[in-house]
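One structure is given below, represented as structure tokens, and several questions about it will come after.
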Amino acid sequence: MTEKNGMPREVLEQIIEVTPYAKSVGAKLIDYKEGEVSLEVPLKKELTQHHGFAHGAVVSFVADSANAWAAASVAGDVVTSEYKLNLLAPGVGDKLIGRGYVLKSSARQVVTRADVFAVKDGQEKFIATSLATIAVFKA
Amino acid sequence: MTEKNGMPREVLEQIIEVTPYAKSVGAKLIDYKEGEVSLEVPLKKELTQHHGFAHGAVVSFVADSANAWAAASVAGDVVTSEYKLNLLAPGVGDKLIGRGYVLKSSARQVVTRADVFAVKDGQEKFIATSLATIAVFKA
Amino acid sequence: MTEKNGMPREVLEQIIEVTPYAKSVGAKLIDYKEGEVSLEVPLKKELTQHHGFAHGAVVSFVADSANAWAAASVAGDVVTSEYKLNLLAPGVGDKLIGRGYVLKSSARQVVTRADVFAVKDGQEKFIATSLATIAVFKA
Amino acid sequence: MTEKNGMPREVLEQIIEVTPYAKSVGAKLIDYKEGEVSLEVPLKKELTQHHGFAHGAVVSFVADSANAWAAASVAGDVVTSEYKLNLLAPGVGDKLIGRGYVLKSSARQVVTRADVFAVKDGQEKFIATSLATIAVFKA
């Protein structure tokens, strides 16, 4: 891993700040270490589906962001190439948490895993898992 | 395929109407046949990322909806089990179009494919493709 | 697409010839055009599982080869980065056929789709589908 | 998790014994606990590709088996519905090891993860990771 190429936390936070979609869902970076990150999204009503659960697209946003930001922490500027998402349980509660991990980093791509949890009354429930390939810019 | 179990168009449209996330992004069902559907999402600023392209989560919403709605057209009540999404090009333009197709329908699950296109100045560009497993309720 | 960089058919066939695994399963290239290929594997007993169906690993070999060879037809030397495989029906019959298609080709990767069919008494049955990301060497 | 429905180790070993493909590659179950399994495949020449590395289909066999056997350990009779495989590094060495883990078990499906390692001179190298959906029979 070439961690010296990781994106500084301040730069990632500035990008989140100027990303209209991330702002509109209220995404917030929580932990940011080399190869391991976490983020939160409050579960507002606009982010639910017809049963009141977190909409799949929001779960997907949390997973995708956790994967991409984990990759950025070791490789700097990146763009998601592809990911697979398994939905394990309905997302019910006050907020979603995403945790992303770098599995393998190479010059042109980073392979990452991210898990998503729903938090209700302080209890975390594991609701989704994902596996992603993130492309590195100008490698 | 047990198409007689498909969800009527009116029922799906009522579900979309009471799905806060689908309403907030402005999703609209266009074509709805047994095993083949299409939908549109206008590319408002809130749906973009920091370069002005459609945010990956919105592309994912379009793909996921096209997959799930294609499955509903043959199997009625369904829930997404998992999908893989490959992002092929930036989503630039006025709207996104998703087209979903049933590949295989069985009693307990439907396997579907969905492609996403960005429309700019009347020209369609192929920007993402996906492959999904959709679970059937109470089969 | 930079088809001028595609691998010539003779070169691919020489590689297959010196690939012990491909030889041991009896894989044979059938059609080879820019962005579209097909191959066959005879269903010998060693390639089955305990119910007599084609083993999942053989279906996976056919899908992976169809994806990688389709990518080679437009991009030359390639290596599979990742793929997703959906198994749709048991593989019963005399042989398996894989058909691979290029969906998008860029400088560093090719995104492909491949379908697998089992042939019994001259009838083809659709038994698996896959979506892959294939990395291009030295791009 | 309904672990009481798990397949006994002896039953799984008998199935492996009568699976021609598993026999022909020399697959051997190593550890078998509820929700966690490992297996080995010796890297014979027939299992390699033209550079002498483990062929992708063999890596895929190891990952698929680790996923399916982990699911069997909690759910009994199962069949692979789909999986995604990321290849991380060439498989070089004396044998491959697959380790499978249950992430979520429900009445009709089990979601699992499996990692693949190549062992050379006693050193393990992480060469592939996968995420799978395994269907439960007669649930």
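Each chain carries a letter (A, B, C and D) given by its place in the written order, and its residues are counted from 1.
Keep this in mind: a contact is a pair of C-beta atoms (placed from the backbone, for glycine too) under 8 Å apart; a residue touches a chain by one contact, two chains touch by 3 or more.
On a predicted model such as this, the values are computed, not experimentally measured, just so you know.
**Q** What is the set of chains touching both chain A and chain B?
**A** C, D
**Q** Let me check something: if the centre of a chain is the mean of its CA atoms, which chain is farthest from chain A?
**A** So the chain farthest away from chain A turns out to be C.
**Q** In whole angstrom, what separates the CA-based centres of chain B and chain C?
**A** That pair's centroid distance is 28 Å.
**Q** Quick one: chain A and chain C, Cα centre-to-centre, how many Å?
**A** Going by mean C-alpha positions, chain A sits 33 Å from chain C.
**Q** Identify all positions of chain C at which a residue touches two or more other chains, and write them in rising order.
**A** Where chain C meets two or more other chains at a single residue, that happens at 81-82, 84, 86, 111, 133.
**Q** Flag every residue of chain A that touches chain C in the complex, lowest number first.
**A** The contact residues of chain A facing chain C are 81-82, 84, 108-109, 111, 133, 135.
**Q** What part of chain A is in contact with chain B in the complex they form?
**A** It comes out as residues 15, 18-22, 24-25, 45-50, 55-58, 60-61, 64, 79-87.
**Q** Can you list the residues on chain D that touch chain A in the complex?
**A** Answer in residue numbers: 84, 86, 88-89, 103-104, 111, 113, 126, 129-131, 133.
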